[in-house]
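Chain lettering (A, B, C and D) follows the sequence in which the chains are written, and residue indices restart at 1 in each chain.
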Amino acid sequence: MEDIIVKYLEKPELKEPIFIEGLPGVGNVGKLAAEHMIEQLDAIQFAEIYSIYLPPQVLVNDDGLARLVNNKLYYKKDVGVDSRDLIILTGDYQGMTPQGQYQMTDKLLSIAKDMDANVIVSLGGYGQGQMVDKPRVLGAATNQKIVEIAKEYGTVFDEDHPSAGIVGASGLLLGLGQSVYDIDGICLMGETSGYFVDPTAAREVLEILTSYIGIEDMSYEELDDKAEEVEALTNKVLELEGSGMGKDSKREDLSYIG
Amino acid sequence: MEDIIVKYLEKPELKEPIFIEGLPGVGNVGKLAAEHMIEQLDAIQFAEIYSIYLPPQVLVNDDGLARLVNNKLYYKKDVGVDSRDLIILTGDYQGMTPQGQYQMTDKLLSIAKDMDANVIVSLGGYGQGQMVDKPRVLGAATNQKIVEIAKEYGTVFDEDHPSAGIVGASGLLLGLGQSVYDIDGICLMGETSGYFVDPTAAREVLEILTSYIGIEDMSYEELDDKAEEVEALTNKVLELEGSGMGKDSKREDLSYIG
Amino acid sequence: MEDIIVKYLEKPELKEPIFIEGLPGVGNVGKLAAEHMIEQLDAIQFAEIYSIYLPPQVLVNDDGLARLVNNKLYYKKDVGVDSRDLIILTGDYQGMTPQGQYQMTDKLLSIAKDMDANVIVSLGGYGQGQMVDKPRVLGAATNQKIVEIAKEYGTVFDEDHPSAGIVGASGLLLGLGQSVYDIDGICLMGETSGYFVDPTAAREVLEILTSYIGIEDMSYEELDDKAEEVEALTNKVLELEGSGMGKDSKREDLSYIG
Amino acid sequence: MEDIIVKYLEKPELKEPIFIEGLPGVGNVGKLAAEHMIEQLDAIQFAEIYSIYLPPQVLVNDDGLARLVNNKLYYKKDVGVDSRDLIILTGDYQGMTPQGQYQMTDKLLSIAKDMDANVIVSLGGYGQGQMVDKPRVLGAATNQKIVEIAKEYGTVFDEDHPSAGIVGASGLLLGLGQSVYDIDGICLMGETSGYFVDPTAAREVLEILTSYIGIEDMSYEELDDKAEEVEALTNKVLELEGSGMGKDSKREDLSYIG
C-alpha cells in the first residue's frame, strides 16, 4: 500500500484558507480545541487519511462498529467578520516515528498548498510540569509580522518560550511549511501541567484564535463542562497523593507522574 | 528482495469465499481456532508468504529440518449447509512493526479481493486480565448488518467492547478492508485471561463461526484435550503463586504475570 | 546510497562452490571458525559489502588507520580430497534489524546463486546457558538427505534441537536459500555457554566441516591457543563470582550474566 | 517528501576544498570547533539540509521565531598561507538512526565530491570517562600519509586509539569517503570527559587543524570564555557530588552521570 492514503469525500474550493491543526498531544489541548471548533462551526469533513505511520489499530464504538484510526480534514467557508475560509485537521494519532511525522506533515502541507492555504495555525499544549492556575497562550511563529499580530491578540512570546523547541506535528507544520512549502505559520500553545487532559487550556487557545479570525459568538459551554469534570478528577488524584500540599510541593510530586 | 513474497502452490477458483484469519495473538486463540478448522475441514494450503516484516528466523522440527517462518493460506470449497467457500489464514507470526502490520495486511487483502472474498472474519482473544470461567465471544464489525447477524449467533456486543480498539492483524484486516478494499468484516474475540494459551476460548469462537457458516459436524475433541492440558498447567502455576486465592486475589496476582 | 553496496575486487569463476558463513554471533563461534579457515586455506578476498544495515561506524587499527565496517567474501579453489571450491563469508557485524537481516541475506544468496553455489553451510554457536565441557555440534538442515550426511560426520540432530529456531544470518541463509533461491543448506552449531567467546566450539564445528569437505591437514594450533587464553580468563571470572561452585550452581549464576 | 532535502543558497566554485565536519557529538567538541571556525573566518552559508532522519522538531529563538532543525554548509575561499578553500559542515543534530547516518553522510559526500573536495577532516570529542586536564588530540585517518602529516602537527596516534571505532558522522564520513567516494580523510578527536560540553578540547582540535591549514591569526577568546563558564559549572557539579575527591574517585563518580 502507499505509505499515506488520502481519501477525499469532496474537494472544496476555498479562498486562501487558514490551515488549523489540532492533533493529539500535550494535555490533548490541540485536539480538544480543534474538535470544539469543528463542532461549533458545523465544519464539514472532506478527507480522511490512513497511513502505515499510524498505529495498526481499529477503534470500536459503543455499537460494536470498528473503524481504522486516521486523521481527518474539515472545512468551513466564510467564517467570522472577515469571511475567512478554514481547513481544520484533527485525528486519532500523530505519526508514530520521526519519519512518519515528516512524511505525514509533508502530505498535509501539500494538501494545504494545493488548496491555497496562506497561513498555518497549529494548536497545542505547553507542559509546565506543574499545575497551572490561569493558563497563558505561548506562541512561536515563522516570521516577525505574525509574532506582532499574535501579540495583539494576547499570545505571549517571552523568555519562557519552549527552549527544546516544538516536537511533533505542531512544530513540523511550521518548519516544513516555511522551509519547503513557503507557507508561514504560528503555533499557539496553551500552558498546561502536562499530566492531565486540559479543556481549560484548549479554551484559552481558542479564544485567541477565534478573536484573530473574528468569530464572535463561539460557545465554550462544553469545554467548560469537560474542564469541571477533569478538575474534579484531578483534585481526587492530588488528594490521593498527599494532603495539604502547597503549590510548590505539588510541583515536586507531579513531576514524577509525567 | 521484495518486502513480501507470496509463493503460490496453486490458484484455486473460489466463489465469494469467507476470508478467515487466525494468526498468533492474545491467548493464541485465533491461531488455535484457525488451525483446528484447517485440520477438521482438511483445508488445502495454496500459498506461503515470506516477508522482511517477519522475524529473521527459521524454525527447526524434531527431524532437524529447518523452514523459514511464514504465513500460510488454505482454502476449502463447499463447506456447510450453505456450500460456502473458505480461505483460512494462519502463520508463525504477525508482522513485527506497525509498517509491517499494514503492509502484510494490505497484501493479504489484495489477495482476498483478487479471489473475490466478500467478508472477512478475524479470530482472536480478548484479554480480560483475570481468569475467565465461561468465555463469551465479543464482536466488532464494520457495519450494522453484520453486527445484527453476529448477535443472532451468540456474539456479544456490549459496553465491554475493547475500549483501546483492536490492535494488529485482526483489527487491521477489518479497518483496511473497509476503508481501502471495500470488504466488510467482523472480528470474533474469545474472552481469555491473556496469560495462557486458551483452547477453550478458541472453541467458543469456532462454535459461533461454524454455526454461522452452517458446519454442523465439527469435532472439538482435540481442542478440549489441549484445554485440559493447559488447565492442569494453569492450576499448577496458580497453586505455586499462593493457596486459597479467590477470584479477585487471582486477578491481582495474575496482572503481574502478563 | 544503495542500501547494500557490493564492491568486487575480482569475480572468480567457481564450480558449484560450498557457501560457508561465519558472521559474529553466539560465542562468536561462526566467525572464529570462518576466520580460521580463511587463514589456514589462504583463501582470497574477492568482495566487500557495505550497508546501511550495518552500524554507522569505522574501526581503527593500531596504526591509526580507519576502515568502514563491512562483510567480506573469500574464495578458495580445489580444496580437499574432493577438489571442492569454497566461498567463505565473514564480517564485523550481522545486519542490525530484521529488515537488514533479510535484505543482506538475500543479497548474499543472490551472489551465491550467481556463482553457482549448490549448498550453504552456516556456522554458529548454540548457547546452552551453562558451561559446556565437551561441545557437541548440533545441526539443522533444509532436507533429509543433508541431515543423513551430516550425521555421518558427527553432527547431532536430536530432541535438543533449538526449539526457538535459529535467529539471524545463519538461520536466514538456510530459510531464504531454500524458499526463494532453491539452494539447500545446513547450519552447524557448536555448543557453547553463550557467555564467552568460544574457540573450542569453533574447532569442533570446523572438524566436522573439514572432514565433510575432505580437508585432512588443517592445523588448529591458533584456535587451541585462543581457547587456552579464554579458559584462563573464564576461570578468573568464575572464581570472582564465588568459590567452590559445582556445575549446577555455575549454571544458575551464569544465567544472570548473559 | 524526499528523505533528504538540500536547499542551496548559492553554489560556490571552490578549488579542491577541505571538507570540515563539526556536528553535535561527544562533549559537543566538533560542533564548538566548527562554529568557532565559521565565526572567526566569516564563512558564508551556502546550503541548508532538511531530512526525515533529523528529529521532527522546530527550534524557537528568543524572539519567538521557529525554524526547522537542519544541517548547514558554509564555505570560505583562500584561507591561510596556502590559500586553501574550505567547506564547513555543522548542524543541530546528526542523523538519528543508523540508516539516517548512512544516508545523510552519503548525501554530504556526494556534495563534497561534486565540489571537488580532496580531503575530509571530521572533528569530534573522545570520551575518556574521567576529567581530562590537558586534552590531547587523537587521530584516525584513511591512509598512512595523512597519519604522518597529522603527527607532525601534534595529533596523537597510539595504543589509546578508540578500540570501539568511531561511531556516527565523524567516522562514517571517513569510512564511506574512502570506500565509496575515493576521498581520504582524518578524524581529529579532542580528549574530553564525555560528561560536559568541552570548549577546551574544541580549542585543542582547532589549533591542530588551523596550523595544518596555515591559519595563523585565529583568536580563541570566545572559546576560552566558554571554557571558563563550563569549568565553573563543572566544579559546582563535582562539589555537589562530594568533597575532597581525588582524580580516581572523580572518575568513578562521574561514570554514573554520563
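We adopt the following convention: a residue touches a chain if its C-beta (ideal position, glycine included) is under 8 Å from a C-beta of that chain, and two chains touch if they have at least 3 such contacts.
Just so it is clear, the structure is predicted and the values come from calculations on it, not from any experiment.
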### Message
For the two copies chain B and chain A, is the contact made of the same residues on each side, with over half of the numbers shared, or of different residues?
### Response
different
### Query
Cα superposition of chain C onto chain D: how big is the rotation, rounded to the nearest 5°?
90
#### Entry: Inter-chain centre distance, chain B versus chain C - centres from mean C-alpha coordinates, in Å
38
### Task
Give, as an integer number of Å, the spacing between the C-alpha centres of chain C and chain A.
53
### Task
Going through chain B residue by residue, note those that touch at least 2 other chains and give them in order.
none
#### Entry: Those chain pairs that satisfy the touch definition
A-B, A-D, B-C, C-D
## Note on the structure
chain D partner, complex, touching residues on chain C are 1, 5, 7, 48, 50-70, 96
### Task
Spell out the part of chain B that touches chain A in their complex, as residue ranges.
95, 98-99, 101-103, 105-106, 139-144, 147, 157, 159, 161-163, 165-169, 171-172, 174-176, 178-180, 187
